[in-house]
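Each of the next two complexes has chain A plus one other chain: chain B in the first, chain C in the second.
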Partner chain A sequence: MADALRVVAALGRRSVRQTFRRPQLVAPILIFPTLLLAVQTGGAASAVDLPGFPAVNGFLDFMLAGAMLQAALLAGNTGGIALAVDLEMGFADRLFASPISRYAIVLGRLAGTATLGVATAIWFIAIGLIFGVEFEQGVVGMLTMVIFVSLCALVFGALSSAIALYTGQASVVQGLFPLVFVILFLSSAFFPAELMLEPAASIAEYNPLSFIATGVRDQVIGGLDAAVLAETLGAIALVGAISFALSAVALRRRLRIG
Partner chain B sequence: MTAASPAAVRPIGFRGGLGMVRALVRRSANEILRVPGAAIPGVLAPTIFFLGLNAAFGNLTQLSGFTTDEYQSFIIPISMLQGAGFTGAATGVNLARDIEQGWFDRLLASPAPRPVLLAGMVVSASLRALIPATFLLGVGFLIGVNWPGAAGLLLALVLVMGTGAIAACWGVMIALRFRSQAAAPLMQSGMFVLVLTTTAYAPLELLQGWLAEIARINPLTQVVEAARQGFIEGAVVWSETWPGLLALAGMLSVLGALALRGMHHTSDH
Partner chain C sequence: MPAVSAIEVTGLEREFPGGIRAVDGVDLEVAEGEIYAFLGPNGAGKTTTVRMLTTLLRPTGGSARVAGHDVVSEAGQVRRAIGVALQEAALDPLMTGRELIELQATLHGIPRAEAGRRGEALLDRVGLSEAAGRRVGGYSGGMRRRLDLASALVHEPRVLFLDEPTTGLDPVSRKGIWEEVSALNREGTTVFLTTQYLEEADQLANRVGIIARGGIVAEGTPASLKAEIGNPHLEIGLVDGSPETAAQVCRAFGRPLPERDGKVLLELEGGAGDVAQVVRALDEAGILVESLELVEPTLDDVFVAKTGEHIEEEASG
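Moving on, here comes the complex of A and B:
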């Protein structure tokens, strides 16, 4: 167990270092969500005047959760791409041949993705603080946001890893990049579901990401609600159960076919 | 065997230059024909943004001060210009790849003048920008985008091609500066910022804070407004068209000159 944890920690560190060394990996995780946050906050700020829009101090208060989740999903996708690159380049084969748990190899990559989730959450909390966002739940709320965003990166990262393990091709995992935006736009990450157009509004109501977005956002604009926290954790657990199961199946298949 | 002296290399002339541009455009087209998958991200990304933004922000038209009640007609020009931006920036990524693989050095060693090489890349990007624009128009009309009229459509396509050319100049400039595909995010995010810091989401009167100020001075705002008029008003008027054309010509001149300077600088070193 201790050995496996050491492997997870070492591979997690490698994953984080690898991301920050390559601008093409950092850009989708931090730069694009920040740019989009800046533009959407200025461009659609008048949306807070729409009837039915939640009570907020400013549109940035509402949008911060969306930016965090966008970054978390893209961190997950980037982790999947990096795993596929490891498979393409033969690095993963060398790891598979070494006397360590195969699951620890994948978990190491996911630990790195979860760490990136923490980093992105802190980045956007800092942006929020600089630009005057009032975090209703204070420091506890900020910590809760960091945990939710990190878990979100972890479970969506597991989904990307499953595809990376199944296909072994970075280009296929990279092709999921637009799908991240489909998932985001069909959730309440960027706008209240009840104010979206149909059929997106109905889809957003049942999209697990909407529950996660509400859980993250409520730390900024809402009160402490046990039901919302439970729904958020439930949504993360649901996505996690599916994505980890798929990852395990894909890993076993890869080890079988070599 | 004796090598040809430099004096023996004759200028390629206008027709030769035109042939060279045609050859570079053909090469670019071959890339699309041989690897059609490579064109998909440039088409898919703006389409997803178009559909997603329309679904999420569609009710913004209920705000007083909005010039239309059909958000899809309001944002279709943005998505078309965004597609042109991505496609043009891809020209820079392709050039960076050619630099990394040494193919560009062979082009520089050819007798083709630098402006001709740049023109080949820019014209290719302009034409490629029509691919996402056409796809977006198809999707847009399916979900109820207003018919802009023949003149409105033609103007929008001209502006899309111009934006593709601007993006190509920007991409070429960055590629020549960094000489690596790792600079791709800079090429893409540059165009991303240029397109979205306009009246992309809402009319100027509804923008707030710094974005309103930036959108007011961003020359691409004029291009957006010129492209948008047909979709919103169903007609094109000269008073809303010439500022867009002028802004496009200005940006193309500046970025084209900078890209050309980068090419000369590359040859010198």
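Moving on, here comes the complex of A and C:
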């Protein structure tokens, strides 16, 4: 067990290092969401005046959760791309030919993705603090946000990994990039679901990402609500159960076909 | 038949979807401490065989044991016993050489302190100590191969698999790898290497298995394989005189072969020891010799004799 954890940690470190050493991997995780946050906060700040918009001190208070989740999803997608690149260039064979659990190979990659989730959450909390966001739940709320964002990166990373393992092609995983935005915009990550038009409003209402967005956002603008926390963890668990199961199936298939 | 087997393969098969049989009933046995070269052209089934022996691909038929363990039912034990350096040196260009060796040591459960000590010793051994802190993306092809080799050795494997270890390397780098492989073998490591280079198999291997279209067509020591297909032949260039007359004189020493580029070709029945007598006989017949070349049979001749085809010429360069 200790050896397996050491392998997962080593592969996680490699994954994080790989991301920061390749600018094209860092850009989608930190730079794009930051730019989008700046553009939206600057250009659509009057949205807070819409009837029914949640009570916030400023539009950034509302948008911060969306930016974090965008970064988390893109971190997951990037992790999947990197895994597919490992398969394409044969690096994964080096891992598969080692006397370690096959699952440790995928978990190592996901450990890196979760770590990137932590880093992106801290990055956006820092942006929030610099630009005057008041975190209603204080330090505990910030830690909760970090955990939720990290878990979100982990479970969506598992989904990208499943696709990487199934196809073995980085270009296919990269092709999911626009889908990330569809999932995000059809949730309450960037805009309250109640103010959307149909059918987007109904989709957003049941989109697991909306529950996660609410859980993250409530640490900034809401009170401590056990039901919201439970719904957030439930949504993460649901996505996680599906994505980890798909990953396991895809891994077994990959090992079978060689 | 080898006394103690490092690798035992019986009727090994791999069929891919669409009915493509990449490996079709391979039988082979490699003794402990041997260097066994699997020689064949691209697409012959070399890499597929290695992938099955290293547990990366499940056989669809037959069986294989490596270091005493079955590659399917005891894959974990096989992986602990083998070192693998696959084709194209699958390295992460963003990692440094030292990071790669450390990762490889972690994958094999080597404690951190021991991993550091072994890693530095291996990097020194393959001449990469100075470059160890640099990213692999900046390494030359030869450096990558040496790093790949070092990483395959970090857990001191009993059996080392090298899949085309020198493909694409310049002659100097190639020679460096050969020397390292020979040194490892002298230290007791069994080496199974695939190659499309005739010279590599000839220089390095104790035994050679020649593979074509998924099956082994010949196996033995390089010398025995070459001896199997015939004697050396003499290529005689003439200053003057008719090739027909020269061929007539030569007939006493062996079988004349069809002329090539105006040269008389003679298969020497008595081997290389007859060369002096041939020259003397030609001299006595008044035939002036411009050039003389004794050509030993090559593994390519063996391949031609067994399959009717040449191993790709560009590969043997």
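What we mean here is this: the second predicted complex is superposed on the first by the 258 of 258 C-alpha atoms of A that agree within 3 Å, B and C clash if a C-alpha of one lies under 4 Å from a C-alpha of the other, contacts with A are read in each partner's own complex, and residues count from 1 in each chain.
Everything below uses one rule, namely that contacts are C-beta pairs under 8 Å (C-beta built on N, C-alpha and C of every residue); 3 or more make two chains touch, one makes a residue touch a chain.
Everything quoted here is computed from the prediction, not taken from an experiment.
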**OP:** Considering only touches as defined above, state whether A:L186 meets chain B (first), chain C (second), both or neither.
**Re:** first
**OP:** Classify the contacts of A:V139 with the two partner chains as first (chain B alone), second (chain C alone), both, or neither.
**Re:** neither
Original post:
Of the two partner chains, chain B (first) and chain C (second), which one does A:D3 touch, if any: first, second, both, or neither?
Top reply: second
Original post:
So, does A:I130 touch the first partner chain B, the second partner chain C, both, or neither?
Top reply: neither
Subject >> Partner chain(s) touched by A:R22 [first = chain B, second = chain C, both, neither] >> reply: both
Original post:
When both complexes are superposed, which of chain B and chain C contacts more residues belonging to chain A?
Top reply: B
**OP:** State whether A:V39 touches chain B only (first), chain C only (second), both chains, or neither.
**Re:** first
**OP:** Kindly classify A:M89 by the partners it touches after superposition: chain B alone (first), chain C alone (second), both, or neither?
**Re:** second
**OP:** Under the contact definition given at the top, report the residues of chain A touching chain B in one complex and chain C in the other.
**Re:** 22
**OP:** Report the residues of chain C in contact with chain A in the complex, numbered from low to high.
**Re:** 51, 54-58, 76, 79-80, 82, 84, 86-88, 90-92, 94-95, 99, 102-104, 106-109, 135, 151
Original post:
Can you list the chain A residues touching chain B in their complex?
Top reply: 22-24, 26-28, 31-32, 35-36, 38-47, 49-51, 175, 177-178, 181-182, 184-186, 190-191, 195-197, 200-201
Original post:
What does chain A use to touch chain C in their complex?
Top reply: 3, 6-7, 10-11, 14, 17-18, 21-22, 86, 89-91, 93-100, 256, 258
Original post:
Of all residues in chain B, which touch chain A in the complex?
Top reply: 40-41, 44-45, 48-49, 51-60, 62-63, 65, 181-186, 188-189, 192-193, 196-197, 200-202, 206-212
